[in-house]
Amino acid sequence: MKIGFIGLGKMGSAMARNLLRAGHPLTVYNRTRGKAEALSREGARLADSPAKASRDSEAVFTMLSDDAAVAEVVFGENGITSGLQNGAAHISASTISVAFARRLEAGHRDRGQVFVSAPVFGRPEAAENKKLIVLAAGPTEAVERCRPLLDAIGRQTFLAGSEPWQANAMKLCGNFMIASMLETFSEAFAALRKARVDHHLFLEMMNELFGSPVYRNYGATVADEKFEPAGFALRLGLKDVRQVLELAQDFSTPMPFASVLRDHLLSGMAYGQENLDWSSIARVVAKNAGLT
Amino acid sequence: MKIGFIGLGKMGSAMARNLLRAGHPLTVYNRTRGKAEALSREGARLADSPAKASRDSEAVFTMLSDDAAVAEVVFGENGITSGLQNGAAHISASTISVAFARRLEAGHRDRGQVFVSAPVFGRPEAAENKKLIVLAAGPTEAVERCRPLLDAIGRQTFLAGSEPWQANAMKLCGNFMIASMLETFSEAFAALRKARVDHHLFLEMMNELFGSPVYRNYGATVADEKFEPAGFALRLGLKDVRQVLELAQDFSTPMPFASVLRDHLLSGMAYGQENLDWSSIARVVAKNAGLT
Amino acid sequence: MKIGFIGLGKMGSAMARNLLRAGHPLTVYNRTRGKAEALSREGARLADSPAKASRDSEAVFTMLSDDAAVAEVVFGENGITSGLQNGAAHISASTISVAFARRLEAGHRDRGQVFVSAPVFGRPEAAENKKLIVLAAGPTEAVERCRPLLDAIGRQTFLAGSEPWQANAMKLCGNFMIASMLETFSEAFAALRKARVDHHLFLEMMNELFGSPVYRNYGATVADEKFEPAGFALRLGLKDVRQVLELAQDFSTPMPFASVLRDHLLSGMAYGQENLDWSSIARVVAKNAGLT
Amino acid sequence: MKIGFIGLGKMGSAMARNLLRAGHPLTVYNRTRGKAEALSREGARLADSPAKASRDSEAVFTMLSDDAAVAEVVFGENGITSGLQNGAAHISASTISVAFARRLEAGHRDRGQVFVSAPVFGRPEAAENKKLIVLAAGPTEAVERCRPLLDAIGRQTFLAGSEPWQANAMKLCGNFMIASMLETFSEAFAALRKARVDHHLFLEMMNELFGSPVYRNYGATVADEKFEPAGFALRLGLKDVRQVLELAQDFSTPMPFASVLRDHLLSGMAYGQENLDWSSIARVVAKNAGLT
């Protein structure tokens, strides 16, 4: 299956590499050309616009940082919509808003193109090791057709529904689950540190109690305050929490935990932590308790 | 090692049974005699007061619902302090406040007795199956002496420090971690349900993402809204969250998540959910979103 | 000064009437014609589009419910921009978002028109009695020119700055101040009612303490739970709190009180209170405490 | 009417002075003798214990900082209870907890003494100028008997009920109302300052809108960040917010605004602001937004 891939950051490069390894002829595009060239040495063809990366592809992936970046690449000049053939699919792996997922679905439908939303869980290491969790939603036939591609980038593919935005709703709520865990650790650690109780020992207990690799990894990051390099930047975490709140707002659902997260991530922005890992929400919580 | 055990609710009975199985001669006391008699048939001796359950014991356990219940059994008429021999230990497995743990430590020390705090994580099933996680804190020599008893009731014993209250601080923060997870699930499920996205499917994804038995079990309870019978009553959950907030307050640490939990658990009390499982905080969250 | 007026709800009709009384020739437009006809009997001319209401006017007012309504009237077919003469002013008295105020400013500037933002404080009764507080911002010369019009509708005109959006930022923050007062009353009343302490007596004390007509009026509304007819609908209150949060978000400022307000107003929406007065946030707070 | 007065801080001294001016023979006691001597020069007799200040008095006032201080003076060695005659009244003007007010009522009743709770609103300047608002609760006959004393210290006396704690519940809720106003100003000012909108001008508008001297005075304090000298110390403000939360907790009432206040005041403690005015909650809010 001939495919295109647009957006070659840490996540995108790793995903594209796994698609290559699975034997799919791949055309790639990235705004800054350097990253594309690395993949070219591994067998990918280079395109100089999103349209060209889409032209001969049965499916074109995007893995970009936010709604605006995806909008530019899809609807902008020489964008995907102007290149993608009738019936071919755009697979968006980015974490985008529910509202924008609906707009993408309509935009492609109007042009006889297909839209599949397939956001993923996992950090760059997981992407490299084909350990991502993939949430796919879209027209059943299209999702089935793209299934081998999705299976090539992750350890498990969940079918989230027949409307693309449903996958985005789930992805956003999943990120909310992780962000809540970060805040929870942060608050517990702050209280224990101020009480002069060993918070690393507490983390060990929590690892035994929860038995979760996510707790283990993020818990260590928070306990050791290792917020660089960022696996997922705080400013992107804020974007996702805002989009969860927008989703909830559209359905008249209060989410007070999400509101606390938003407030703390905004403080993180105000403190200049936008490019630190989002687990640096712990630094905000610690500051609020007078810890430095 | 001759031991006493006071407080034979679901948790206490299971723990006492494991101590018997481990070969320790056991004297038990319970306010309502019926539960003690069940253990008597398995080899325990019955005492008719906490003092008598303590008299010949090298160590006496308490497993009771709150500070007040422990205070009555320890300092009340025919209480533990009046029965326990010089140098013998009181092992408190209850989830009590940090302030009260300090008071217990001082009260026993004044009488030449030893206090070990050893709160546990786990629901009644875990207690039966010797799967509890035990957090023990107290004078090193005493904790070492009691170690075989602690190992007899759980799957792992953590040494939390040389001051008993440290174990209680960790236990309270651990319960806060669980309560936060419950609220987080509740908010995500509420938003997804209102958006008509399948929240059971979302739970499956979270199980794959977090890989945690605690998430799996509590997540199912919340998703299915099975709040009876209560593994841990909401009113006890509120007590613990209040005690976390008191701990944090004593050390000038804001814990906004804990404040949200407190508010929602108070609503749960106001709605008559005091004896439902504390995961019924989800019902409060759902009501706030207009779900019934 | 010949003027136009678009948007003849309770607020707009009262304001337009005061402009007529001040002797300004007035042309009015309203989507549903009935309300316009009432003013026609008092001397206003009727226009059948926003463009026509703007054509011969030196200034045209809008008083509409939200950004979308203003956008339609300004930029839509036969909108204000297509009718307003070079150099003439659009005076927006609506409570709109800061982002949209910037868009309006740019949109008019591009067409050689002038934009003055002049949101107002006050309920319909205040509008009728020329008791509004007017916050005006825009190019100094334009604001000065419009000053007699602004003075004709309120008891005091504040000059909020030379950029129109500044008035909107202040107006939104002012509404946040009022909404916070409503929530504060709601929480205090709920606690006192549950403690069986007379909350009406408490209100009397607060009136003596604060000495504020706003406290007196809204306090009575909340204490008596008289949420109909709505002076200001809950759904509009939610809109404003959301816009405050957006403003704060753009400048990385946490506003936890605003987040609580948003959550409670969302519950109000979920409970079907969208058309009750926004002081019915008190009903949400009371429900959370189990009061009915 | 012969009276005693215990607790001669800024508030107490001013109140005692007004009682002297009203012609009541006064015996005073203060832990540090200096302040008592100032009053002695104005005609008060000095006592060297609370018991002696109570011995010949028909009523003895206390104006102290918290529950613990009142407990010491009432129930401690040579305390009020050991001096006060049968039928004589203890009038507590301190802001104490509801639970402790109940304990005081019972403690005095057991000894044939009468307890009247009469907390006050107003800062030291108001106390000097006899401008306090007095909330009195207790047995009707006793309150009537003490009425001339209460009227001598304030501008208005409210009868809050026949059970002393009711006055304390109202006083605590009143302080919550003020604290909420402080937080609200703080958040609005922070957002406006970051948006570079003139927050002093905003305050002027709010003064016109609310027309409240309390808003005017506290608003200026917050806008100008003049937190010293403290009219009411932050640590006492935290104490009151905690007591509001305890009251609400006893009646299963969530108060999310009070929870936010508590968290911000705890940050204030952690930042070393305990002796600044409680309006310095604004400094916490500003810090959270990255303002310094």
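Each chain gets a letter, A, B, C and D, in the order it is written, and its residues are counted from 1.
Basically, a residue touches a chain if its C-beta (ideal position, glycine included) is under 8 Å from a C-beta of that chain, and two chains touch if they have at least 3 such contacts.
None of these values were measured; they are calculated from a predicted model.
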Which of A-C and A-D has more C-beta contact pairs: A-C
Farthest chain (mean CA position) relative to subunit C: B
Between subunit A and subunit C, centroid-to-centroid distance (C-alpha), Å: 39
Distance from subunit D to subunit A - Cα centre to Cα centre, in angstrom: 53
Residues within subunit B bordering two or more other chains: 248, 252-256, 260, 263, 266-267, 269-270, 288-290
Touching residues on subunit B, where the partner in the complex is subunit A: 98, 121, 133, 135, 156, 158, 160-161, 166, 169-170, 173-174, 176-177, 180-181, 183-185, 187-188, 190-192, 194-195, 197-198, 201-202, 204-206, 208-215, 244, 247-248, 250-258, 260, 263, 288-290
Residues of subunit B defined as touching subunit D within the complex: 242, 248-249, 252-256, 259-260, 262-264, 266-267, 269-270
Interfacial residue positions of subunit C with respect to subunit B in the complex: 256, 263, 266-267, 270-272, 287-290
